[in-house]
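Labels run A, B, C and D following the written order; every chain starts at residue 1.
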Amino acid sequence: MKKHIIPIILLGYFGLLFLLLIGLETYWYLYEKPQSQPIAFSHQIHVLKMTLPCDLCHMYATKSISAGIPSVSKCMDCHRAIATDKPEIKKILKYWQNRKPIPWVRIHSLPDFVYFSHKRHLKMGIDCSECHGDVKAMATIRKVRSLKMGWCITCHKSRSAPTDCLTCHK
Amino acid sequence: MLIVDKYILPPSPEHFLILKYILILMLMIHLPFVSMLIGGTFFSVVFNILDKKKQNRIYLNFANDLIDTVAVNRSVGFILGVVPMLVVTLIYTQILYTVNVSAVNFLIYSLILLLLGFTSLYFYKYTFHLREAVFGVHIFSGILGIIFFLAAYFIFSISFSLLLDPGEWRFVKNPVELISYWNAVSKYLYFIVSSLAITGGGILFFFFHWSERKIDHDSEYSGFIKNFGLILALIFTLLQPVLCLWNLATLPEIAISQEVFGFSAIALFLSLVISYMLCAMLKNPEKKLGVHIFSLFLLTFLITALNDQTTFYNTIKEHIVLMAVRAEGLSSELKIRELTGAAEEAQVNVKKGEMVFNSICSACHSFDRRAVGPPFKMVLPKYQNKEDELKTFVRNPSKKNPGYPSMPKLGLKEDEIASVAAYLLQRLQTESQKQDISK
Amino acid sequence: MSPEAPGHIEIREQRDQVEKDILTSMKKPSLLFLACLGFTVALATVLLACWGYQIKTGLIVSGKNHPVGWYMYITSFVFWVGIAHSGTLISAILYLLRAGFRKSFNRSAEAMTVFSLMVAGMFPLIHLGRIWLFYWLMPYPNQRQIWVNFRSPLIWDVFAVGTYFTVSLIFFYVGMIPDLAIVRRCSDGFKKRIYSVLSLGWLGTPSQWRHYNQLYLLLASLATPLVLSVHSVVSWDFAMSIVPGWHTTIFAPYFVAGAIFSGTAMVILLVIPMRRMLSLEKYISVDDFENIAKILLFTSLIVTYSYIVEFCLAFYSGNIFEETVYKYRVLGDFKIMFWIMIFGNSILPLTLFIRKLRRNLPYLFVTSIFVIIGMWFERFVIIVTSLARDFDPYNWGIPNLSIIAIGIVLGSFGLFFMMFLLFVKLFPVLSITELKEKLE
Amino acid sequence: MHRRDFLKIMGVASSSTLMTSCDLEKQSEKLIPYLLPPEEEIIPGQSIYYNTTCTECPACCGVSVKDREKVYNNMRGRYPVKLEGIPGHPVNDGTLCIRGQASLTRLYHPDRIKKPKLRDSKGNFIDIDWSNAYSQILDALRESNNGGYKNIYLSGRTTGSLSDLIDDFCKRTGIERAAEFEVYSHSAIKEANGILFSKREIPLYQIDKADYLLTIGADILETFISPVSNAVRLSHAKRKSDFKWFHIEPHVSLTGFQACEKFTINPGTEVYLLDFLLKNMLNMKLYKKRLPEEVVKYIPDFSQEEVSSKTGLKLASLYQIADQFKKAKMPLLIAGGISTRHSYGLETAVLTGLIQWITGMTDSVIDFSRAENYSGVGTMVQMEKLSNRLSNNEIGVIFIARTDPSKSIPVSYFFKENIKKAKLRIGLSDLLTGTIKECDIILPLSHTFESWGDANPRSGLKTLIQPALEPLFKTLSEGDILLHLLKGDLKDLPFRNFQEYLFKKWNENYGKALTEEFLKKGYYEESVPKKEIRLDNKSAVAFLKNIKTLDRIAKPVLVVTPSIRSFDGRSSVLPLLNEIPDPLTTISYGQWVSVPPKTAKSLMLSDGDEVEISAPGLSARLPVKVQPGLPEDTFAIHPEMLSTQVFQADKRSGEGVCYLDKIKIIKTGASVSIPVLSGSMSQKGRGIVPNPVNKKREYDRGWNNMYPEHKHKDYRWAMAVDLELCIACSACVAACYIENNVPVVGKRHHLMGLEMSWLRVEPFFNGHGKCNFVLMLCQHCDYAPCEPVCPVFASYHNPEGLNIQLYNRCVGTRYCSNNCPYKVRRFNWFDSQWPEPLDRMLNPDISVRTKGVMEKCTFCVQRIREAHDTAKDESRKIRDQEVVTACAQTCPTNAIVFGNILDKKSQVYKLAHSERVYRIFEPLGTEPSVYYLRKKGDKNES
């Protein structure tokens, strides 16, 4: 016992740290890891390559608080003809035929006590990439800003936008 | 940045990969060296002062040997210390020259500080033999050196952690703003701790394995050094993983990926092994594990460097893609030019138009078939030698044919629009001619 | 070395005797003791269980309602903070005044202070609606870039109680160091190790003593103002509001007096059984009890006076809101509590004018129990009645009886006594060194 | 520290012990797209309004339903979240009553029938599908026709195209359509008008034109014909300087307390009073000649002393009432409601009619040309007949649609028993009511907001019914059901569903253009020819002849008064209407009997004591509520308080009697806890409703503030409440509940004093049997006591003068609530539940508060935010009345005005500077932003 005391202590110590590491990883895996989407939609192809504008699909961004996720029929408009042989596109077709909306996984979500208006921000001439990053370069969409209150406030201050709590909280 | 834009060719993806590994290599050789430099100098100064107080030869010798060992000579200092830092700075500048982030400027500050550090350090080193005469100046230069170094690497780690959080790039304008930035702090502390740890390792290695010094026939002295080295190494090796985890916990979401955890795990394991060896050596001083320990320390540094670069590259994923696209664009431009040789602009224009057509329009339009959009030979004729109208339509399309979904407004550049229009009309002519012939 | 004079020898013997007696009190616990401990532990677990349940279901189980938003928890908070006070009073102020009878009580009083503050500190958290966000009450730099509201008396509470706890803890500990050294000397094995760590390598060299005394004096004079400040701040939780019956200028002194009153009662409550159990009659004399009984009497008179003033204020104000509240206190739904309070705090202590009763320990014991109950009810009456009858008659209402709340309050007593019992066995309950000093 | 960081630590901590499931579901938050893009005008995240008609009561107010799009079980859809009146609507002009507001909870009622049901052999219901139900019904019809039985179609009040369709259906399938059943059929008035003017109709009472209104028993502001429309008109009248309103009733009602003068009359003696008045009129030559001699001759003749003694009114008051008549230029007399629901109801109505005739009301303020459409509504007598026929086994198949007679017609008819004798009983309903439970086949009806249709509240007015959402369950509208049945019968129907049927009809009637307008506006009003009204002397004489001396209703008497919350009891199934207290008693849940204070004293009764009320055929145990102002020996209950209707019906008028005399009241000794929300019936002299004397502000904030004064740059939101106009109808309360996701917590919690209402109506009775109502909501004080005490800035003062409560910042110390003199803050003591499908009603613009959080009125900040948004888009400031809070929006009398008080031209500014203005608890120096306007010439001690 006496002679093994040191390795035991060491192992215990490092074991604890390792547990912590696992904990962090679990957390990351659960909350921060970009979830896989039902369809491997690539903004890269649509925006970067095909140079389609954002508001072609997210058509309410300039009109409403929510940017709007394109309706399945919207996808079908083009993909009736384009790249119909690709497996991912076939998936869309399936959803369309079963009259089922596509259950996209939400990446940019705010707590429900937050009021955020896409319209207002865009009307102020703030570019989408300020909060969403270079989406056009993303093969799979991911969150590149913390979207935490501190971050919002910093930006609001820097643009001397209102910082009254009520501006964002409901 | 415009000038730069003109003259620097944006790097291609492969290029980025190369840069990554150069970066890692540079840090790999640079960081251990400066770490030991800082640690060594620090303790040298400490013992220097201790000797002044207690008049103990061992301290003095140790102080002297330490500084000799860590700061080998000016040229080495320059090669291992300044050059890599310079390279690193340059590489970051190259990678990020299109984005507005002040981190790069920070790196330059730290470079300057580094230089200052080196000068005062070597001053300290070369005034050692006349320390009796000018003790004050001598010690002061040493302390100053340390301070410079610490400052330099504080800024360094800060700017690095800033690089990992694009959300802040717009807002952070000077290093001081980041002092309360957890990730920066953790990185810095990690640096300090590992530098002290490796110093310990370094002592064990350089004093007992590197060059057989006078220490062998001076058991008291060697015993003291050995103990000191061991204890130092052990304490900070045990601290290292804690800070590693802290750093991990404070990393921004986007910087993290599966590998990062892998690397941290390896780092953890390494420090376990190291600390075990150290304990073994403490138990019986006869063991000669200095080499292993030191090499393991170097390995840890490598892992850390890898880890950091992975996080960095995770962060700038999109950026790389964009750069690559730019590169392609420019190179294709060149390609066309050499294809058509010194042909007239129009020719080039049409060629470019063809490329645009193939990459974009062809998705929805074909010439004689109905796709998403109508076939060109149906819609184009009304634009016959009305190129401007065609351009305006492409610029912002409007719903024309009821049978088809309205064409989206595309993000084409002016010159692209022009060229594609030119191409289309030309193509139309050729096609119609073909038909005439066939008739 | 000249042979020592006989006087010295017997002093040495007495000293050893003192040591032995005090230390024997730390030896093997008696069955009675264990029984008490078990009981208190049970109560403490009740507290935890109730608390857990409350967090799960929400505060609906705590019996509060609209309009009575503060109820038993805040009552207990104020009560326990109050209890803490006499500890400091006895150890610090009496130390500065060089009062002789201090030595019999100071250690247990200090312990009491620390423990009651622990319990008290728990209650604001228990009463929070969203306890999982308690840290929002602390000012610290955060990514949200917002701070606490320094205008709010509740924030002052955080600071006041926090400071008070730290100071009294240090005071308690520092006071114990020399004794811990003695304990270390007389114990062995694992225990020895612990105590040697605790006693911070105390050797009792003259220089150490010199420094020690300076430090102790300093701490005492630091703690003294706190006696006044802390409970004043706590009282401002109420005085700063506009609620009729709370919004009064006399609250600060009124509460401080009440605090010391209740605290003293608690000391008596603790020390009398302790004296019996650990058979310390030799060191804690009846005279000492008489002295402390005088304090009790005195503070009771102050408290009674403040009651009268309070009512007069309401009466002379001619303010309909105030008048209603005070009428309600005397005749309303909570009149029983009010009259118990009057009996316990104002009438019963008057009997202590009689010397015989002052020196009659059982009587003292009973009295102090009444005082403690009375003081709890005092806080209860102040808090609840004022809320139950405030400005808009439409909102008048009374809170609901709640098992959970009662469980938590009783549990808090359990927790407190548990800690005290443990203290009795782990640390010397009387300051050995001081007793020794007294022998010279 | 951020919640997620907290979680992070938790994650680390609990890494060894694995992650809990709740964390796992958090991560997979879905983003559900539409399948097809919504129509053009609909933008996700913004509200859309659909104009339709409220069918909670027969009044047919126009509502515009506010829709928001939400995601439920992975489908994006649109759901109504709020109801508002259609501005300019002839009935309710943009306002709604408490029931109207709450009717949204009927749409989302958790107990709605979700599928057609069939009673199986064992007598319990099983779900079947529609086609099955249809075939069953058709077979049954065929059988009973063959068997020579009669088939009956009994429905509640039905107007518009649906009524026509039912007729059509009945004709084609050989069903006899029974007269519609309404408890409050007002048939006495109809009868009387038939006798006098040979017009069996209920005219339109144009209260707004009158300058003297005398209401006898008619609770015009609660249930009388069209309460909202009455209230709107009344408010117009009240705005005139010289308007007087006397109210006479045998009990106390909300309406009574709103009148300038209120007289208590002995039950059933209205005839004497009217006779007295009539004779007074006749003494004036101006009126004399309007009535021919032979009629005058037969007018019964009572001495004024007799009148006084019988009615219990002092001579002085009698003359006061009469003289007002003489003074008035444009008098209006309405007798109805409770005064016509007794055995002399018809006499009352007839005499009233005579007075109306001779004073010429009939061609000025009383409009027969726009008569209320009660033509189809039958009487109790007809129900009795029906019941008898049932008992004689004449009836084969009986349809019972949208009505619940078994509960509200006299038990002596044995309807409940007889109905079992029908061969097949088919119930069409949305909820399982008493009668529907007796049926064999239950066809679930869609709510009005789920179906197409139109209504016809009064002649010359058609209102639209259109769906605002897809049916929540497998339900159909009545029209569709009938068409389906017809289809099963004959194949040649020119339309597939009721919608097509309607559109066809509308296009025929109005043509394309008007139909379009109709669909847009939600109503269509056509000009109607003025009707010539003349007295039919013969029948009048014939009737007057046999008026004999009447025997009075002997006290102690039990009165069933209609309730503003439950109408005739039908709305009592809505949870929200139970949550909102009855304005007079402030009792929210459960049953009670109101007892006059004097009687209570003599019987030694106090609130909550249980009493046994016994009379022939009745024995009920109810808890007591002592009701100030109630005349001696008069006990009042609401329809839903009794399980069965023991009262008789009047044979001639066919109205149900609502008096039960010679009752016995015995104290059982038991005591029941009833949720009386008010802590005190009187204001204890606290000047919450001050008297005119202390109207000058003697309290000025003499002291100066330690902290900097608040600066308000462009906006400072404020509210003015005119207590002269406020009728305490509690519509605002209901609106507030729904607009702000205020949870409905239930009886248990009300008993504990944990109600959550942000806005409440406080009744304060004074010594003289008068009652003043005060609207209490967050006063948004400039120096709010709640703000400085909050440790975490969850409560703070925002730049626009709002007193904000930040739910996600609140840690729940409840200090703010303690320190609030108005006690308008509500604490979430537990996580409130929204049972399916009620959760679809939640307003997405406000977060749902979790347990441990303080909440309160926000001046509907979400609406302010919306207005800001539009204003910014048009880069201008917010206009006056652009922001209207939910309470102000729904107020039938427009007593609540909201706006920016910094804007000198705004309405609220003007009101806040009227000479009647005062603020509650001004001496406290809280500087509230809610301004109250005292009643004109109010005479009550402060």
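Throughout what follows, contacts are C-beta pairs under 8 Å (C-beta built on N, C-alpha and C of every residue); 3 or more make two chains touch, one makes a residue touch a chain.
Chain by chain, the UniProt names read as follows: C = Hydrogenase.
Source: prediction; values computed, not measured.
S.K.: Which of the two pairs, A-B or C-D, is linked by more C-beta contacts?
M.R.: Comparing A-B with C-D, the pair joined by more C-beta contacts is C-D.
S.K.: Report the chain closest to the protein's overall CA mean, measuring from each chain's own CA mean.
M.R.: The most central chain, going by mean C-alpha position, is A.
S.K.: Go ahead and note the Å separation of the Cα centroids belonging to chain A and chain B.
M.R.: Each chain reduced to its C-alpha mean, chain A and chain B end up 26 Å apart.
S.K.: Roughly how many whole angstrom separate the Cα centroids of chain C (Hydrogenase) and chain D?
M.R.: 58
S.K.: If you average the Cα atoms of chain A and of chain C (Hydrogenase) to get two centres, how far apart are those centres in Å?
M.R.: Result: the chain centres lie 54 Å from each other.
S.K.: Quick check: how many Å separate the C-alpha centres of chain A and chain D?
M.R.: So the centre of chain A lies 47 Å away from the centre of chain D.
S.K.: When you check chain A against every other chain, which residues touch at least two of them?
M.R.: In chain A, the residues touching two or more other chains are 20, 24, 148-149, 151, 154.
S.K.: Which residue numbers or ranges of chain B touch two or more of the other chains?
M.R.: 249
S.K.: Touching two or more other chains, which residues of chain D qualify?
M.R.: 2, 8, 12, 793, 809
S.K.: Once you draw an edge for every pair of touching chains, what topology comes out, line, ring, star, complete or other?
M.R.: The chain contacts form none of line, ring, star or complete graph.
S.K.: Would you pull the chain A residues touching chain C (Hydrogenase) in the complex into a rising list?
M.R.: 148-151, 153-154
S.K.: Which residues, counting only chain D, touch chain C (Hydrogenase) once they are in their complex?
M.R.: By the definition above, chain D touches chain C (Hydrogenase) via 1-2, 6, 586, 677-680, 682-686, 688, 707, 749, 752-755, 760, 762, 764, 776, 785, 788-793, 809-815, 817-819, 821-823, 826-831, 850-854, 921, 924.
S.K.: Looking at the complex, which residues from chain D come into contact with chain A?
M.R.: Going by the criterion above, the answer is residues 2-4, 7-8, 11-16, 19, 23-24, 26-37, 43-46, 74-76, 793, 796, 798-799, 802, 804, 806-809, 845-848, 861-862, 865, 869, 872-873.
S.K.: If we count contacts the way the header does, which residues on chain A are in touch with chain B in the complex?
M.R.: It comes out as residues 6-7, 10-11, 13-14, 17-18, 20-21, 24-25, 28, 32, 44, 47-53, 56, 77-78, 80-82, 130, 133-134, 136-138, 142-146, 151, 154-155, 158.
S.K.: Touching chain D in the complex: which residues of chain C (Hydrogenase)?
M.R.: So the residues of chain C (Hydrogenase) in touch with chain D come to 57-60, 64-67, 69-70, 124, 127-137, 142-144, 146-149, 151-155, 158, 237, 240-243, 320-321, 324, 387, 390-400.
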